[in-house]
Each structure stands twice: as C-alpha cells, then as structure tokens.
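Take a look at the structures below.
What follows is subunit A paired twice: with subunit B in the first complex and subunit C in the second.
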Partner chain A sequence: MTVFEVFRQERKGQPFAHAGSVEAPDAAFADAWAREQYGRRGESAALWLVPRGSIHAITDWADEFDLKYRRVDGYSIKARLKEARERALGPAAESR
Partner chain B sequence: MDARTQEFLAYVQDGGQVEATDWLPEEYRQKLIKFIEMHGNSELMGVLPEREWILKAPTLQRKLALTAKVQDEVGHAQLIYRVAEDLGKPREEIFADLLSGKAKFHNVFHYPTKSWGDVGVIAWLVDAAAIISQKALLKCSYAPYARIMKKICWEESFHILHGRDVILAMMTGTDSQRALVQEALDRWWAPLMQFHGNPIPRDEDPMWLWRIKSQGNEEARQQFLEGYVPQIWELGLTVPDPNLRRGDDGVWTYSEPDWDELKSVVTGHGPRSQERLAFRARFLEQEKWVRDTVLAA
Partner chain C sequence: MSARSDLLLSLADDELIVGWRDSEWTGIAPTLEEDVAFSSIAQNEIGHARALYELAAAELGTNADALAFDRTPDEYRCAPLVELHLLEWAHTIARRYLYEEADRVRIDALMRSDDSELAGLAAKIDREETYHRLHAEMWAERLRDEPRFRAAVEELWPYALGVLEPELRPELARRVGLETAAAKERGEHTPDLAELWSEMTEVRRSEPGAEW
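The block that comes next holds the complex of A and B.
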C-alpha cells in the first residue's frame, strides 16, 4: 500500500493546497478514492496525487552567511534616519 | 519533562502547529491518537442510528439526503483514520480496539432512534453539538488533523441545515408530528447535555494542555446552549430542564447532567452499544474479501 498526498485546487488559477492523504495499492485506486473523498460535491477544480515517497521536503534553513541584506528585515533604517534628520536641522544646517 | 518536550509544549501553547514529519513527544503522540481515534470511531458508529432510517424515510428526497449524509460521515471516518494511521496506529488495530471496547465512541451514538423525530433531532442538535467541537479543532496543534477538519466542518454545515429542515417540516405539520419532535427532544436532551463532557477546568484537561482541543468542555456546552436553546424555544418546543436559564451575564445554568450515565454509556453499557458493535463486527467480517482483494491488487 502507498500513501498518496492529496493537493486540492479549489478554483482554476488558485494554488494547490495540501488537503490530506489516501492510502491505496496503486494510482488507479488512489484516483477513485481521492475523487470520492475530495471532489464528490464539486468542491475541487483539480487534485494532485503524489506518492509520499516522491516528495522531497526541505524544512531546515541554514543561514551561516547571514544573508539578511537580501531581505526587507535586513535593513533597520529607523535610527539612522533619525540621526540624519537631526543632523540636517543641526549646526551643520545653519552654517550652510 | 525534558528540555525538548518543554520547548515543544511552549511552542504549541503559543499557537504553534506541527506536521507529521516533525519530532513529536511520545505523550503528545499517544494523546493525539486516542483523541483522533475516538473521533473517527464516532463518525463510523454515528451513521448506524441514521442508517436504520434510510429505508423508513418519509419521502424519496429525505431518503436521498439521509443516504448522502451517511456517506459523508463514513468519508469523515476515512479521513480521520488516515491521520491516526500516520501517527502510528494501523487501521486493523483501530477496528480491533473499537470492537473489543478498548476504544470509545461518542455517547450520543449508543442510543436508540424511536421515530422520525429522533432523526431530525440528531441531524439538527447532535450535529450542532458536534460541529462546535469540530470547529474548535480547526486550530488543533496537529496541522494535518486541523486541515481535514476544514472539509469536515464544511459538510457538517449542510447536515445541520438538513436536520433543521426535517424539524421545520414536522413543526409546520400536524399536532402528532409536533408531538414526535417534542418526544424526541425529551429523549435526547440528557445525552446532549452530557455530550461535551464533564466541566473540568480546561487547564486540567490534557487535550487542552497540548492544544489538541482549543476550548474547554464547559465553554463548548455554553456555546451550544447560547446558539441553540433560543432556536428550540422559538419553535414552541420545551426543553425538559426546569432549571435551564440564561443569566444576565450570558452564562447558562442547567440541572447537573448525569455524569455516571455518560461514563456507563461510553464504556459500552448504553442501550444500543453492544447491538451496534455487533453490527459493525458483522460488516467488517462480511467485507473482508474486499479489503483482501484490494491489498492483493
């Protein structure tokens, strides 16, 4: 028996989201059971059945090199902006 | 409790959800299996009282609707058992424990259905009580269980509507039809009040501790009373509890439910417990060839 993960698309154009799984001896049985359990009322536009063993999952995210500069949260401009504004209004500004 | 378990507990108590592939503390896994197995068993056993009425339904349309509902509930059992299997309990073992009485199913499915009025009360109020528990599971710390609950709640909302329609048809019918509904409500009120379990504080409930459930027993019962007693009253029905009232603070008071009856019923001593388990055992045996054929495919 193989566990097939079921991904369901509610309407055309929407992403497929994991909905559950069915256990079946082969793809033909998995097809029949997934139709019955996830599409009987027309609640799905499409289903993807993926044998669990075929899923390559990634859950660990190493960040040894501190790649924050590639993201929005890598920039904390608040303090610097404050300093720059004060500086612009301070003695340096008067002497201009 | 070791540091890793402590960290896990803090994570789920903070609203975190985990996946089947994550590390789970053994105690959490066991509690989950017990809870999910009981839920699956209740779906599977819960179709039996209604199944008895498919052949006796008053119209073809009711017959079809009831059949569809029974099909849905068995489908829910399939989805739920799948989650329990992934947690490590094979389906054969789940069935064996159900039949031997080691595993339980909900109290309301141990009672007889005497008239079509019972079918209406079950489909409306028993399903209403169940959907309150199930909606709270949408936030379960175990994400695969929470995800299938979306589909289950979606189908349950149709079941409640079906039940309400059955009740409304009878309440707008003859006096004897109205009497059937009232009699059924009288029979079902005690089991309904026991349904959400004894009012232990949620902090003492291990299912709340691990955030398998997201609300306490009494919170669920209060929600049921607040939502449905006014609906019962507006139809001219009487709730068979002289102490039932809503306080100014919005909290309902009621006669103490019979917790001994609840305990006795869910441990297999209800009026129909053994009969329904024997029925399930017979069908498992009778359909064994289908499972054998599929496994040999």
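The block that comes next holds the complex of A and C.
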C-alpha cells in the first residue's frame, strides 16, 4: 500500500492546500477513494494526489549564527512596548 | 395502485435495501478508505430511495418514512438481488458491480421517459451514480481474473437480471459480457428480506405513530 498525500483546491485559481492522505494499492484506487473523501460534496475544485515517497521534504535548518533578526518575526515588540509604556506612564499603564 | 406508483416503489425499494445491505459493511470493510467510500455510497443509495419514495408518497397520499418502514415485508417490491445477506467481500463487490450496471441500464431508460418528473429525478440520480460506477468498475476490473470474484458474479447473475424488465436484460448482458439466462424475478422474496426488515423497522415499530 502507498500513502498518497492529498492537496485540495477549494476554488479555481486558489492555491492547493494539504488536506490529508489516502492509503491505496495504486493510483486508480487512490483516485476513487480520494474523490469520496475529499471531493464528493462539492468542497473541491481540484485535487492533487502525490505519493508520499515523491515528496522531497526539508526539515533540518542550520542557524549557527542566530540570524533570526533577518526574519520579520525576529523581534517581539510586545515586551518592549510594555516596558516603554511603563517608563512613560508608570505602572498605571497596566490598567489601560 | 397505479403502474407509476408500482414502478416508483420497486425503484425506491431496490435503493433502500441495497443501501441497507451495503451499510452493513460500515466499520468492517477491508480497509479504512474503502470503508469510508462504501459507506458513503450506501448512504447515497438511501438518499435516492428517499427521493423516489417522496414521488410515490405524493401520489399515494402518504409520506416517505411510512413507505420505507410501515409496510409489511410482502409489500416491498425490491428485487431478490438486493435482499441477499452477503458476508463475503467478493460477493459484496460482485453485487455492487452487477447492481450498478443494471441500475445504469434502468436509469438510461428512465431518463428518456415521458414522465418529466421521473426523468428529471433519474438525471439527478445519474450524476451521483457516476461515482458509484467508477468505484464498482474499478473493483470489477481489479478482481476480474480472481476465481472467487468470477464465481460470485456467475452465482449472482440470475439475480442481477431480475433487477430489470425483460426488455432491458440484453443490454445488461452486453455490458457485463454474459449470456442472458433465467432470472430470479422480482415478486418472490428471499428469506433474507424478513430478517432485514425486522431489524430495519425495529425502532420505528417500537413507538407506532411517533413523530421522529
């Protein structure tokens, strides 16, 4: 049996998103079963079925130099904002 | 009862009973994926039965539930093929395949009917049956050379012929690639129906006249 990852497009023109998987002996069975599970109630404009083995996955990330400042989510401004507010207004700022 | 009501009830009873029989595989089909697909198909068949019962009910002055559950086993008009209690997958798939092929021949004829209401419903049912055929034909194709499946198809063949009116049988034989033979005709029920009926109507009979 092969696991086929199922990607679903909700409406034409939209990106495909991972929806789940079906386990089937081959593409013909995967086709019939995926239609039943992911497409029968008009919820999909299209499906992509990809054998799991065909997916090249990347999960290891080198971050030796701690370059997170390059990312837009690198800074948490929430804590800094709180500090600044307290400096300016005193602890009363909490209740605002 | 009019010939139209009679026809509607035989169609509806076939769909209800085959849906009921197929739903007996819910939870125990060979694989999880097949379980989901098979149960979904079974539920569709029961949905088709409801639509057909509603057409009959309008004519007979009753409602779909009463037609589905308040008749005695003798009053059902289903073909013996759908009644059989099949506990083996090769037979179950053989029935699913033969029933779908017979149903396709019947629906094709109904879509050309002068009765526009019935022709319209047949066209609607046909759109859903496309998935059922895809599923059934995929299995039949896969098991074609398996002796167990061949034997099951041959055993059920006279029953499959009994789903259709005699004039439609040659078309079914052509589709399935078998010779027409003596059919297990509609009208005489197998002992399996009474057993199914008693289970199917048990809750309904426990509170006669209740609104559900």
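Here is the rule we go by: the second predicted complex is superposed on the first by the 69 of 96 C-alpha atoms of A that agree within 3 Å, B and C clash if a C-alpha of one lies under 4 Å from a C-alpha of the other, contacts with A are read in each partner's own complex, and residues count from 1 in each chain.
What we mean here is this: a contact is a pair of C-beta atoms (placed from the backbone, for glycine too) under 8 Å apart; a residue touches a chain by one contact, two chains touch by 3 or more.
Just so we're clear, the structure is a prediction, and the values are computed from it rather than from any experiment.
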Partner chain(s) touched by A:Trp48 [first = subunit B, second = subunit C, both, neither]: neither
Partner chain in contact with A:His18 - subunit B first, subunit C second, else both or neither: first
Subunit C versus subunit B, contacts on subunit A by residue: B
Touching partner for A:Thr59 - first (subunit B), second (subunit C), both, neither: first
Subunit B versus subunit C as contact partner of A:Arg35, first or second or both or neither: second
Set intersection of subunit A contacts, subunit C complex versus subunit B complex: 1, 22-24, 29, 33, 36-37, 40
Residues of subunit B defined as touching subunit A within the complex: 21, 75, 78-79, 82-83, 85-86, 144, 147-148, 151, 154-155, 294-295, 297
Subunit C contact footprint on subunit A (complex, rising order): 1, 22-24, 28-29, 32-33, 35-37, 40
Complex contact set, residues of subunit C against subunit A: 31-34, 36-37, 40-41, 131, 134-135, 138, 142
Of subunit A, residues touching subunit B in the complex: 1, 3, 18-26, 29, 33, 36-38, 40-41, 43, 57, 59
